[in-house]
């Protein structure tokens, strides 16, 4: 039985709490949130204790693991504290918006030898993971081209996005991780183009809302990502792997599988999932199971802290390409 | 917070335990199983107490509801006990294989006035429920024809099926309930044909493994059910509603949404779900939520005990048609 | 090169003319229509000669084959004339609405030994034919259940339908032929139910607009047909074959394969084909090719005159079941 | 009635001959091919005359239009001859591999004022054309991103490809035309990456077999093309248009619409069409109808000669980007 403390009782914290409670191998012992009433309500729902401070949790020897689901700017601090207290860590992504801060964090924790997993949950999505599994098993032969479609349901206000780090660090970072996960290679060249087709105000601070990238892997495979900040038909997340012996497509799973035939058309399906909590529900569950199994079996969790760092470096390179109009090579 | 006692710690009991644990509005207080080690293991996983006997549960005033997930022949006994103890009841279907026993049970409990819900979980499946909702909302106009496909993944041994009550009472009973749920009408005429195309040994005791039925509702709508005891490609559960202004189809939701293109074909999808636990996972969760909400809001749960009884009467009529070769009319 | 004479220059005659003109192995030599301007216009489009009478055609030794696309009540007369003149015959279905007339016709022509093919064009549809081919090749093992969905886009006026012979002889007759074609067996039992859910005026002359049938083949396979005179979303023609090792579905081919994603739903496709000329265009072409190949290779065309007769007998049995409310057995 | 002469009796010439023969508004009068037996056989199939030389055709006043389906290097010569003889021209694409030769040709014919249409047949494909039509009608709002997938079934031998002009001029040229057709804008920037993942011998002469491009239109719309010389699962031709109010996808139409369910997966469909003759059969037919209607109605055919020229300029720019590794801007 793995005893968890949960930091953060917001929307995503609630989801993690229910997943821990439903697991026959885990127990939710503490909930911490700087907004105390949220922590109290969530703790009560699952018979957990409210932690007055994070220190209480760090000093409790019965606690095995800390799930960090607080705001991004607090991640690095909590990671360092938890690692030094010898707790296993499952931290929501991104680690931080600054590649420098992430690198510094790594210097401080790399010798702590605690299990640490970064919440790139999409790797655990049954559909994406099936594609990766079939590809790795050789079912379509050698991979030649990989195409990722990444469209958020709606754009945040320009004022909010001004401090987001830009579309590559804030949003496309997931897709950089998926590229590495699926190709099993490092990316060596990035070229990005972009436009403000949705909210022209983004141009004021050099950001765009619509992007297309081409990327090359070390062995010469060709990759493409297209991304949009607003997709009116829902959260559109697809991957296409084209190989020497066939093609695999990870299409959007739908909330229900009803189709309707009318004089206008013959098969209108469900709307897409509205956003990531619904779309990646099973992924979050599988991510937690994987983390718990690593702790029980004493194996290293994945994706690792360094996976988090590398995705960030790709985001930096994409931003540079967009700024200069030229392709950027990576070591 | 609704306090639950769970009777039965088998495969389906474990699933119900996890669903109760994950609910922020429910708590799993007791687990009872005549096989004590199963009860112990399950209770420990979720911090519940093992009940030495059902009486302990019935006498505990803090228990609000009893979820009956034991073998079919114990349902009627537990229902009567729980109803007399004033506990709310969520009972797995079927109530019993004998229509007479079910009717007698009703006589004994109808004045207890406890909330009771029968586990026809398919009514809560997001896909089937969406079809029913759109139909009821008039999206395809007046219903004219309803077609249900009901195929189990594999046939049980003939020796087991000998005591199953026959294919209509054991298996197609769910589909009779769905017919009533979706049409919103009573069935007035049933005609059934059948064959033993899978296991000829069933003929020894008058059972069949492949059936087709046509049924008419009170207002003249036409219904069809086709059923098979063995479907090699998985658990095939579909509904098609044909109306004056369009058609709705509840197709099989798939475990993942990967497609693969090869020289043989362009889109090979996921296999179907293997069986009901996987297929109707969301339905079981929604069923529990609905039951909990009824208890909290003091409204009557549905499907009711009488819905369970009526499905059984349709199964009896279908068996009579198969035996005589003639259509059977119902009052 | 096969020289054709075409009888009938209406909508379906025009389609046949274009198909003959496009074939590198056939030439359209004559067009005959009792409405002379239609014949003139069509003959001119394809460089053919207008036949003043059918006799001109029958006496022209250069003519190999006669394609009969005139109104149903003229078929039997033209078949007998053409057979006695030694011409090969491709005749639109049905042969006639009266089983007796068809039987009499057979008596008169069976010794003429001319190639004769009945226009059950659906057998040549690439999609239906692929299903039949895969089934026959054993790809899903032994067939157990066969389900045909047959829905016309719109109902004709009651006054017209009064003389149509009823829904089974006028419309479902195609599906009886497909049952025989796909199962490769004779039907031994028919049970039909029906309602007037679309046009209540049909009840005045004992007809219905919505039907469901269950049928059994000689070896005990179970079949179902559902039919409707009005399907608002187009011409819906599907076949599902359920076998010991899998399932084959012949779904509706669509005029185009564009899908659209909107906030309401994720994949709205093309409307269905409006009716049989569009839906079965490729089938008509393949039907003609098959007939031409039989003439060139001197093999017997199929479906045969007797296939036409047997479909009619099944329609008679279905009508009897609807009238009596009882299943009907066939020899 | 439009009288056609056909130059070229090869595979594509035969297809054009059948399409002309089937049209009620056209007649095939002459067939010319430098390989005389091919011309004789094809002329006989459709009752046409064999032309001993192209001059015979050019001097025959009854001939309205010339369809050029000979090898690419003869196109420019025949176009100039036909234009000077005042004949309407439907010419297979590409006009020529050399942009300079195409430009020179235009100088010679632009004052002849004959109707001339270039065979970018994909514009007439029912599926692609429906996408373009819905987009133009505003059904998904303003276009933001356009993605074209273009994969040939198999690669030609390196020796043949050495003189093909390279992948952009030989193959992707169609997709450049589709980008212009669908966006309704000129392309202002092209960036291309490529690899030899299929046949390493192509590197000997600077060609690649796998490419990805990003392109920007005058108004800032983002476009992506991915192309491959070998696609084992067939001829894969898809277009996705992402707009402010929705998405349109032109997916691959299939030869039949049978699906099969087995223990491995639930819906294996038809293979793709093998190559362009099968895939774009309806497009070729609609292309011919459009050309005939323009001649009858005396309107200008489209796509025009200049459309052919512009696609070629885009291919040149893509080649330059691949060669230099840098984006290329177009006037």
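Here the chain labels run A, B, C and D in written order, and each chain numbers its own residues starting at 1.
Methods note: a contact is a pair of C-beta atoms (placed from the backbone, for glycine too) under 8 Å apart; a residue touches a chain by one contact, two chains touch by 3 or more.
Keep in mind it's a predicted model, so treat the numbers as computed, not measured.
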Fewest hops from chain B to chain D - one hop per pair of touching chains: 1
Common touching chains of chain D and chain A: B, C
Centre-of-Cα separation between chain D and chain C, whole angstrom: 38
Averaged-CA centre spacing for the pair chain C and chain A, given as whole angstrom: 57
Centre distance in Å when chain B and chain C are each reduced to the mean of their C-alpha atoms: 42
Touching two or more other chains - residues of chain B: 232-233, 236, 245-247, 252, 254, 261-263, 270
List of chain B residues in touch with chain C within their complex: 142, 144-145, 147, 151, 189, 191, 193-198, 210-214, 216, 220-224, 226, 228, 230-233, 236, 242, 244-247, 325-327
Complex contact set, residues of chain D against chain B: 232-234, 236, 252, 254, 261-272
Chain B residues within the chain A interface of the complex: 14, 18-19, 21-25, 27, 45-47, 126-127, 130-131, 134, 139-140, 245-263, 270
